[in-house]
Structure formats: C-alpha cells, structure tokens
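Two complexes come next, and they have one chain in common, chain A, joined by chain B in the first and chain C in the second.
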Partner chain A sequence: MSVFLQPIYTQTVTTGGSSITFNNIPQTFTDLKVEITGRSFGSSNDNIIIRFNSDSTASHYSNTVLAGYGTGGASPSSSRGAAGTDNYLNPYSPHLLVSTSTANTFSSCELYIPNYAGANYKQVMIDSVIDTNVAGFSGSGPVGVENAFVAANWLQTSAITSIFIGSYAGLAQYSTVSLYGVLRQGV
Partner chain B sequence: MATVIEVDCTTGISTEREQTAEEVAAQAAMAAQAEADAKAKAEADAAKEAAKASALAKLAALGLTADEVAAIL
Partner chain C sequence: MYPIATATVGSGGSTGVTFSSIPQNFTHLQIRYFVRGTNSGTNDFTYVQLNGDGGNNYARHHMQGDGSSVSSFGQTGSGIGAIWAAQVPFASTTSNVFGSGIIDILDYTNTNKNKTVRSIGGFDANGSGYANLSSGVWMNTSAITSILVSYPNYAQYTTVSLYGITTSSVTGA
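Showing the complex of A and B:
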C-alpha cells in the first residue's frame, strides 16, 4: 500500500483575533490531516475550536481527552465531553498559549480525520502539545507542559467539505494551519 | 476587529474579512462558555485533590507508612 500526503493549503494569520475556514475541500482523498501551530490572541484560558461544515449543533460533537502535564503540575487526567456539551468540537485540551504565555512559543496540534468523505460518523484523532520551558502546568494563561490525546466524534454522516479552526479569543498573528489530503492506494 | 479568513481549497484563493455582528456574538458566547468550563474543571480538580489529601491523612492515621500508601495508589 502506498500513502501520499498532498498539501492542500497553508494559511498563516496576519491579523490577531482571526479564525481560519477551509471551504470546498476536495473529496478525492482518503483521509485528511490538519497541522496547527497556534497561539491565542487573548490573555486568559483558551482552546482550539473546530467545526465541520459550519455545524453548530451541540448534540453533533463529543470528545474524550487524555491529558498529561509537566512535573509539579496537575495529575494526568481523562475526561469525556458527551455529545451536547458544546456546539463545536471542543477538546478541553489542547490549551492554546496566550498573550501572557512565554514569548515566541506556540501550541502544536495535529488532527487526523479518516474517511472524511464517507457516509458514517466522522472520528477524529487529535494529538497536541505545549511546552513553554516552564515546569508544571497552569491552564489559566497557560504555562508549562501539557500533552493531550483526544478521541473525538462528529456525529454526522455528511462528507466533510469545510473545516473551521478558531479559538474563543481568535488566533494570534503568525498562527498557521496546514491542510493535507492523504491518499491511500492499493486499498 | 477580529477577522475571518476563508480559504477556497478548490481555487486556492484566500480571503479575509471582518467578523459580522452575528459572528462576534457567537464568539463572545463561546468565550463565556470557556470561562465556565475552566472554572468548573478547576473546582473539580481542587475537590479531587482535597479528597486525595483527606484519604492520605486517614491512611496515615491507620498507621500506614508513606511508602505503603504510595504502593496502593
């Protein structure tokens, strides 16, 4: 089996407080991969927000977060956001680093969306880290180290044609989101 | 003013515009929810830590050493 990773588009934020939406996503790939290097425009607790096809129905999104933190920080934890909690895909982690976090540091986050054009519910794997070279972790004005793995679901059978990526306060300047198409051949 | 960047993946054209009033309101609502979520999680974490400290104290009162307590955690 061969696997090809095709860059679709890379967008960098030029004005703080922005969101990025990829529309008219080609339906010719097997899976999608999204790479986010992000920082919040705000100064307090913030997270990455993801929506598919402009869907803002709370019962369509659920996620389970497994998070671990730096030495001296909170204990590793797991929490489940049942469908209907938020009207967007809202992993409590990853946190986004904010304007008061260590300068020049960004959160790194990867989404993998298998079978995005299929007719089943869409499962999403999210892997994310922050590291501000500070021991421990604090989620309020995030500093420290956090690793999170999120199992998420968009409980809809429609093909994903649009992905919204933002945050509560918007993404800061130089935040970058890249969208890739994954093509498996011979399967 | 916050902006919205929209990328058309078919044409490769990226456009940037200011948020509409509706989008501003929606973002404010999400921010309020985030604050509430963070507060609830912080309270839950604090309660969990307090319960753990209480449990450790009770185990110590029963005569368990710190190593013995650590072994059963």
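Showing the complex of A and C:
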C-alpha cells in the first residue's frame, strides 16, 4: 500500500480575530490531515476550537486529552470532555499563545481524521505543541508551553464536508491552516 | 510530499546528519528517522539544530511515558544549542532495536514566525522504552536553510530522511 498526501487548500489569516473554514471538501480521499500554525488574537487563555459541517450541537463532541506543560508548570495530566460540554470540538488543548506571549511564535498542531467520508462516528487524532522561552502553565492564565495528544470524536455518521478552525478570540495574523487529503492506493 | 534527501549512517557511526541548501519552495518540512546510538551509560535524545545556530536561541520541552509514568520537562536559555526530539536506544538497549520518529517544521520559510518544531517518536525494547511528544522553538524568524539531526554517536543503519510538503489550491475547497 502506498499513501499519497495531496494538498487541498491553505488559508492564512490576514486580519486578526478571524477563523478559517474549509467548505466543499472533496469526498474522494480516504483520510484528511490538517496542519495548523496558530496564535490567538486575544490576550486571555485561549485554545483551538473545531466544528464539522457547521454542527453546533454540544452532545456531538467529546474528547480525551493527555497534556504536559514543561518544567515548573502543572504536572502532565489526562482529562476528558464528555459530550454535551461544549458546542465545538473543544478539548482546551491544543492551547494557543496569545497577544501577550513571546512575539512571533506560533503553535504547531496536526489533526488527522481517518475515514472522514465513512458512515461511522468521526475520530480525530491531534498532536500539538506550543513552545516558548517562558514557563509553562500553572493552571490559569495563558499557556507558554504545552505538549498535547488528543483523541476526539464527532459523534455523527455524516461525511465531513466542511471544517471550521478558530479560537474564542479568533486567530492572529499569519496563522495558517493547510488541509490535505490522504489517499491509499494499492500497488 | 516530496523526498528531498536521505542519509544512512555507515559502519563507522556518525554524530549527525546535516541537510543543507534546503529548497525554499515547500510550505512545510518533515523529517522521518530510524535511529540507534552506540554510546554507553545513559540514554539521550536526538537533537535538531537549525541553520548551524548552536547559540542560546532555543527552548525545548518534552512529554514522555516510560511504561509506568508520564513526565514533562524542558529547558530554556543558555547552553542548550538545539531542540530535542525523541529518546534514542543506545549500547545497552536490546540489539537491533532502533527508535523512530517524525519531526514536523511548519511554515519553515515564513519570516514572520519563530520556528516551532514538533515531533513524536520513541522506541520499545520489550521491557524498556519511551513514547515521546517533543517541542522546541528557535527564537529566530529566518527561513530554515539547513538542519542538523544529531546524537553523541549514531549507529550503523541509522537513517534520516527529509521531505518537503507543499500546498496548492487544487480543488477550490
């Protein structure tokens, strides 16, 4: 089996406070992959939020998180966000750097969505980091360091045709999101 | 995703692999590696140094599981000179066990951004091993033109590959 990664589209935030949405996602791939370099436009603790097919039903999103915050921060921990908690896919991790964080520094985050056009619930695997030269996270306030794995679920059987990616305060200028299609092909 | 270069360590071992004159026409870079060390004593990390900068311009952090516990730690400031990727099996690790990992460097030519490095990796040696998620930032907005992937001494058959990932509006989504 060979695997092909095909770029679908890339969007870059030109005005701070914006979000990014991919519409009319082709249904011809097997999996989707999203690469994000993001930063929040706001100054308070903020994180990436995701919505599929404009679905704002809280009972449709759940997640499990494993996150560490470097030296001097909160201990690594695992948490679970049960369905019904939020009307986005919102695991709180991946966090984002904010306007008061180290300048010019962005998170690095990957979403992998297998079988996005299938008839089962949609699992989303996320690995994400933010790294700066300041302390991590003490439980409140903006996060300076985070290494996070997330397993999340959109509890819907519909094919994914659109993906919204944003944050509560919106994304900062130069935040970039790239969408790829993964195609498995017999050889 | 396009292969740029691959290096395989020969019988004499090597302290690292340098990719220089990296093409500037991709959007992201990805390194995939298969590594083992010949050093004895304590285990160590794979290191990633950008544009030959060994100065005090990095921060690096790490979350790892060792089969029984999870830990998170990091370093900033003087004397670090490079970013961590995953733990590497070394001389006392079970023979023929190599570690593997993937390192992503997004937006590597964007001069508005310090360069953040994200990597997953580790190894399992049937009774020991690590699973790692690592991060690092190079506090410099320059485009990345060279990458050194290093270790005190890589063993023969260690292989490091560099790929370029492009973006284009091929479908109008």
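Just so it is clear, the second predicted complex is superposed on the first by the 178 of 187 C-alpha atoms of A that agree within 3 Å, B and C clash if a C-alpha of one lies under 4 Å from a C-alpha of the other, contacts with A are read in each partner's own complex, and residues count from 1 in each chain.
The definition used in the following text is that a residue touches a chain if its C-beta (ideal position, glycine included) is under 8 Å from a C-beta of that chain, and two chains touch if they have at least 3 such contacts.
Remember, predicted model here, so these are calculated numbers, not experimental data.
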One more residue to check, A:104. First (chain B), second (chain C), both or neither?
second
Per the contact definition in the header, classify A:5: touching chain B only (first), chain C only (second), both, or neither.
second
So in the superposed three-chain picture, is A:43 touching just chain B, just chain C, both, or none of them (first/second/both/neither)? neither
- prompt: Touch check for A:169: first (chain B), second (chain C), both, or neither?
  reply: first
- request: Figure out whether A:69 sits in contact with chain B (first) or chain C (second), or with both, or with neither.
  value: second
Practice item. Name the contact category of A:23: first (chain B only), second (chain C only), both, or neither. Key: both
Determine, under the contact definition given at the top, whether A:179 touches first (chain B), second (chain C), both, or neither. both
In this superposition, the partner of chain A with more touched residues, chain B or chain C, is C
* To do: Identify the partner contact of A:157: answer first if only chain B is touched, second if only chain C is, both if each is, neither if none is.
  => neither
First, second, both or neither for A:59, with chain B first and chain C second: neither
Dual-contact residues of chain A (chain B, chain C) 8-9, 22-26, 179
In the complex, the residues of chain A that touch chain C are 5-10, 22-26, 35-37, 66-71, 73, 75-76, 102, 104-110, 127-134, 136, 145-149, 174, 176, 178-180
Chain A contacts chain B in the complex at 8-9, 11, 13-15, 17-26, 41-42, 44-47, 49, 56, 74, 77, 79, 86, 88, 90, 92, 139-140, 166, 168-170, 179
Note: in the complex, chain C contacts chain A through residues 1, 27-28, 59-63, 70-77, 104-107, 110, 112-114, 116-118, 120, 133-137, 139, 141, 165-173
Given the complex, residues on chain B that touch chain A span 1-12, 14, 16, 26-27, 30-31, 33-35, 37-38, 41-42, 45
